[in-house]
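Note sheet for the following structure.
Chain lettering (A, B, C, D and E) follows the sequence in which the chains are written, and residue indices restart at 1 in each chain.
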Amino acid sequence: MTAERVYGDAGPGLGGSILSVRDLHAYVGQSHILQGVSFATRPAQVTAILGRNGVGKTSTLRSVLGLMNHTGVIEFDGRQISSLETHEIIRLGLAYVPEDRDVFHGLTVAENLRLAERRGLAPDYDRVFELFPELRNRRGQRAGTMSGGQQQMLSLARALLHDNRLMLVDEPTKGLAPRLVSEFVATLEQITAHTSVLLVEQNLAVARRLADHVIVLSEGRVVLDGAAEDVLADDSSIRRLLGVAADHEEG
Amino acid sequence: MSTFLLIIISGLGLGSLYFLLAAGLSVIFGLMRVLSFAHGAFLSASGFASWMVLRSFETPSTPQLLLALVVSVLTGGAVAYLAEVLLVRPLKGKELEQLLVTVGLGMVLVALMAGIWGPDEHLIPRPVWLTDTTSIAGAPISNSRLLLIGLAGVVVVGIHLILSRTRYGLIIRAGVENSAMVSALGINVKRAFTLVFVAGGMLAGLGGGLAGTYYGGISPFLGDGMLIFSFIVLIIGGLGSINGALIASVVLGVSQSVANYYVLNGIGDVLVVVLLVATLLVRPQGLLGQKERLI
Amino acid sequence: GTGTTATETVTVGIIGSYTGPISNFGPAWEDGFRAGLDVATKGTNQVGDVKVEIQVRNDNSDPTTGLSVAKELLGAGVRILAGPASSAVVVPVAQLAIDNDAILIAGPTGSSDIDGMGAGIYRTSPTTPQLNTAVMQAAAARGAKTLMYIGQDYAYGKAAVASLEQIGPDKGIKVDNVLLPVGTKDFTAGIATALAANPDAIFVGWAGEGLPQLFKALADQGGFDKSHIITIGPGRPQFESYAAALGDSLDKAELITYYAQDTMGNEGEKAMNEALKRLGLKAPIDHQQVEGYLGALMVVKAIEQAGPSLKVDAVHKALAGAKFETPVGSVTIRPEDHICVQPIFGYAMEKVDGEHRLKVIKTYAAADVLSPVARTIP
Amino acid sequence: MTAAPANEVLPGSVALSGRAVNLVIDGHHILVDVSVDVAAGEFLAIIGPNGAGKTSLINVLSVATPPTSGKVHLHGRDVTGLPPHRVARSGLGRTFQTSNLFLGRSLLENARLAANGRDSRLRTGFRRVLKDDPVTERAREALDLVGLGRRPDRLASELSHGERRKLELAMVLAQGANVILLDEPMAGVSVDDVPELVELIRRVHREQGKTTVMVEHHMHVVLDLAERIGVMHHGAMIAIGPPDEIIANDVVQTAYMGEPL
Amino acid sequence: MTRSGALRYGAAGLLVVVLAVLPFVHRSVGGLLPGPINSPGSLQVLALMLVAAAAAITLDLMFGYTGLMSFGHSLYVGFGCYATVILSNNPKLGFALGVPLAMVLSVVVALVGNAAALRLTGIGFIMATLAMAQGFAIAVERGFLGSGGEVGVTFARGVLPDPLRGVLNTRNVYWLALALVVVVYVICALLVRTHVGHVWQGIRENPLRTKVIGYNVYAYQMAAATISCTLAAMCGVVFAIVMGGANPGIAGLHYSLAVVLMVVLGGRGVLWGAALGAVLYQFLNLRLPSLSSSDIVTGLPEILQIPLSQPNFLLGVAFILIILFMPGGLASIFTRLTRRATSKRAGEPRDDDGGVPATTREPNLVS
């Protein structure tokens, strides 16, 4: 269906931005959670969204995917996607790794992965199992009985099953043991050769290694937008930046 | 001996009827986590649909009976479709509200049927072969019972095939846990929910068509009378487990029938409640139900 | 009617089931009442210079609503209530009427609890024991020595068993019973139990839903050949389903009832049917109309003789032993417990112009079916 | 692979201990003969690969999961098989790896319920809840400590992921337990809040002398806080000892750490 | 007490006073009630509405506040009702001993019933309560223990004290029902403000977490359920007096569902909301039959007449609409007016997190 046609098609946005967000606002009840977020991601680059807890990083990703009520312009490949339903957006070639893992507890590992298969595309189980051999051994286990880190692996595996045009990844290394973190980072590095990534990450080492471009959010606004090497020069600079961002809001 | 057989097979027939209703409920609950109190009304409505087809005939032929069954299945599906789209879907994720909205729907449908067709039973004409009896080891078994038992078997196999051969089972089970995440995997989860609800409704429709021909009559309250037994079947079998529902239906139908004959007429109903309470205390998740891990 | 000379008004509060499980009872009873009033007052709705008014309330076949509307009517000064049919409504309403020194004329109720309950409590249908006596006579006429009763396991069914067991020995018949829960739909086990006792006659006392299934099970297990089947005739809406349920066995069953819908041909029936036509009331005629008709005759008589104040004692004096001409023939009110002394009939069902109807084939005289007084009015 | 060193008995009384704990679920051996003693006032960190059994051990030690065999002692008392609320009242508090909150209640109410749990009796409970209860005060303080004190009336469901982790921590603080089990307290906490929270945990441990067991994957946090580190692998406690010793351990390096980023 | 608190107490007190003087108000309210407000017919309807309100409040205590979804409240209301009539009719006991004895037995039934049902959680609890109530309903319909089967039992002559008997004394019965509501409401309202009440609400949100921070969840649930069910039995006692007897209508699944509907209609987790829902439900239930046989309806074309002549049709439709468009029930209209976004009241649905709004999580059907 839509997925096959659009997917792999060199759209008009190639060379420009693959995802562009302009003036994104989101409300939950009375609180104004995103207050005019704008940014753009480039093909085959990693854009990292940084910021303290509760500034709206997750909300930004969820808005892009249509999982949250919002206003503003969201274009993927030059096409307005705000009015599409979530599954239609995903079929354009996106993948999402949510912050809470959100694996399906009642389903087995194999079933979780089968569910993530896309119609018309060949799933790359080898890549997934090579990265997380644990999952191969536990194919028949119900996901709800797995440890936190194992669930995180499964959540990542679902997104890595296919090649995507854009991956939205929310704190992918949370709860993973250090060795796995570095293996995962290596895999993601390979993938970014042909896939764009929008990454939310609290592990600075990971962000520094992967990101080409950095956006800093504060209280629902973009307060900084720049090349990664400038922003993430060292730990203290980023701490300062995040701190500044917070002050900026309060001042 | 022949009486014993008569009692057993009549229990099986009763069990089959429970199962047809419970199967629809079980599919819907097992996959969507919606306990539908409107299911009895779906059954009655479908029964009326088959009555509308058959009432004009003195003694309908077999094709006419089939037509009536098809119509009742479609009616069950259509009613369920509307219910899902208009009532259940807007309450996505709110299990309790969904349950309550089906309570309301059940009330409304039964009242509507009573208003249109009156509270009394309407007789459904049946083909001659259906009202005849077949002698099995000397026991006169009504053919409608045999038909019912046969069809219940077909339904079990059908449900298994559908759930194991298609992705729908998977999608729905996942969708119940977290439908947002299912759509975030690129799956149209809304459509899958509707399909399942409609399938459950069609099973109720089949039950309605068959119950009508089995009892020979239909009234607005027929389905509700059976609903409570189907619930009990569901709980004893383990919520959401089709096989559990099958076993529980048979156990309940047969033991009800046997108790009524060999112990005391009418004790069957009491026995059913006792069985339910015992199951809940000894094995709360039911015969084939699964336990969840808490932490 | 002219009505201009009226100086006083008596309001009759009709309580009936217009919605709920027996919703066809209410409208028909009311029609019959209006027809009876029309006949008895010659179209004036006036008894002497007392005007008779009707207020109708729906009890939704449910006691909570029934009691509320009864209180409403009594509270508004109504002295005479009429028509409730559901046993669950009749009994508490009768209790209320007694507490308030009011009159109640019950509708088509199977409950015997109100017989002899109070001087102000009346009924318009024969009692279960009367019908049972007729059944017993029918069985005896066939030379039966054992009779099996199949009925519903609730107040009505139990009362029926009790009365059958009382009557049986007189006629030399041993009575046995199978009582099944009210909602029963599968009769296989019940019928098997009944047939296992090899009774000479079987009395099917089942009322309402489930009857076709019961007959089907009876036929499947050869009951019609093994035993003589007697049953209470159906109400009009059930004619067709009854006939279909009995199928080939239709002429093997003996039907007992107290009104053969629309076929009695006596003066009472003619008067009622004409009045119904005159008033433009055309619900299919059933026993409810007959009972409503009788109810109206009783009200008129009470007003005539006891005056518009309708004191309980005065009404009792007026109606006890009074005789009324109705479509079932003459009906007398027994002074001791206010039951209706009336004949019971044996019928056959026949098909006329593609529709089934009842035909009287035997009459059991009122005196013959009279049961002893179970409770005397205090 | 080096054998696990014998679990030396530390000076001072043992606050919490698991003895020869085994846990088997559906035929899977999840905890294998784990024995661990935590001395009163000690800070023990547990590390290990994903699925090693760390959370399961926490579950067993907090009696949320009954072990298949083995014993759990709290302050020398055998608490194996006791209902969790009894053990919580004797002064054991824990956080959850995935936040586990009263979502429909306010932040203050979450902390208040935790603060009140310890001395709640059904008998004395039929008194009204007041705004200035000592219990409520304790709850407010706990919220302040983790930096959620600004709007205590918000519903817990309105919190972002990281804020929920902080509320988890606030609840265990409010509970006033003297033995605290923390399951990945830093997961999802933003970088610049981590130092503060580490400081907070250290202060609580030092100043109030709380016995603390922490599972954590952030090595710098572990090294910052732990007095002793236990390493789990395949359900067994393969090593336990002072941080520098553990960090030097080859198995730990290969099985757990991998190459540094 | 704060100003707004004082205001609320004042308003509540005023409402009770107004309700208490209704039997002296001789005014018609245009067809809403069967006659002038102080006519026995109207007072009977009002009394039934008040009893329903009390029953709904008791259910809200366990359902709305503690998250224990019971489909078996009819067992307790019904038991209180039947026990009162049957025991009072025993000449050795009479009304004066029958009522206290009925209450004592009700406490025992509540303790035993809940001790069993609470062994299960979530849907298991729902079904267990439903099954026990169904067992009671079967017993009552079969006429066990002198329950009179389908017909029910009425107080024997002379059993009810004179001031509670007869049409003219309906006002006394009405006052009794009013007193019941006040007592039940005050008890429940005080309870939910205590520490225990807060723990109940914690259990509603997350029983596991409650356990781990040191509460004996089972004991707290037992307390909530036993208090709720005992108060429900008290409603049954008053119901018996209002009805002059007991009938199976109060013992079946239908009544259990009705109480649940009342609570949801009004707004669960808000005591006065539950009461409001009950008042509305009972009003419609009692008055729609009159409406549907009134000239207004019978004059309509048949297509409209059919649904309108079925009270359950209208009740069901109203109920569905409330669930769909007013998730917090009727109470949410008022709370929305008086409280702003910072409202602490859970129940406002959040459509964004793909999950379940806080209060609707409970009871967690997937235990």
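Assorted remarks:
Going forward, contacts are C-beta pairs under 8 Å (C-beta built on N, C-alpha and C of every residue); 3 or more make two chains touch, one makes a residue touch a chain.
Worth saying up front: this structure is predicted, and the values here are computed from it rather than measured.
Put simply, the chain farthest from subunit B by mean CA position is D. The pair with more inter-chain C-beta contacts, choosing from D-E and B-C, is D-E. For the pair subunit C and subunit E, the distance between C-alpha centroids works out to 37 Å. Remark: subunit C and subunit D have CA centroids separated by 77 Å (rounded to whole angstrom). Centroids built from CA atoms put subunit E at 50 Å from subunit A.
Within subunit D, residues 55, 64 each touch two or more of the remaining chains. Counting partners per residue, subunit E has 142, 208, 309-311, 342, 350, 353-354, 357 as the residues that reach two or more other chains.
Multi-chain contact residues of subunit C, defined as those touching 2 or more other chains: 153, 181.
Contact residues of subunit E toward subunit D in the complex are 190-191, 193-199, 201-202, 204-206, 208-217, 219-220, 223, 342, 344, 346-347, 350, 353, 357-359, 361. Only residues 20-24, 153, 178-181, 183-186, 188-190, 192-193, 196, 209, 212-213, 216, 220-222, 237-238, 240-241, 244-245, 247 of subunit C touch subunit B when the two sit together in their complex. Residues 3, 6-7, 10, 13-14, 114, 118-123, 125, 131, 133, 140, 142, 215-217, 219, 221, 225, 257, 260-261, 265-266, 268-269 of subunit B are the ones that touch subunit C when the two sit in their complex.
Against subunit C, in their complex, subunit E makes its touches with residues 34-35, 39-45, 48, 141-143, 148-152, 154-155, 157, 165-168, 170, 243-245, 247-249, 285-286, 289-290, 292-293, 309-311. The touching residues of subunit A, when paired with subunit B in their complex, are 3, 65, 67, 85-87, 90-91, 96, 98, 102, 104-107, 111-112, 114-116, 118, 142, 144-145, 158.
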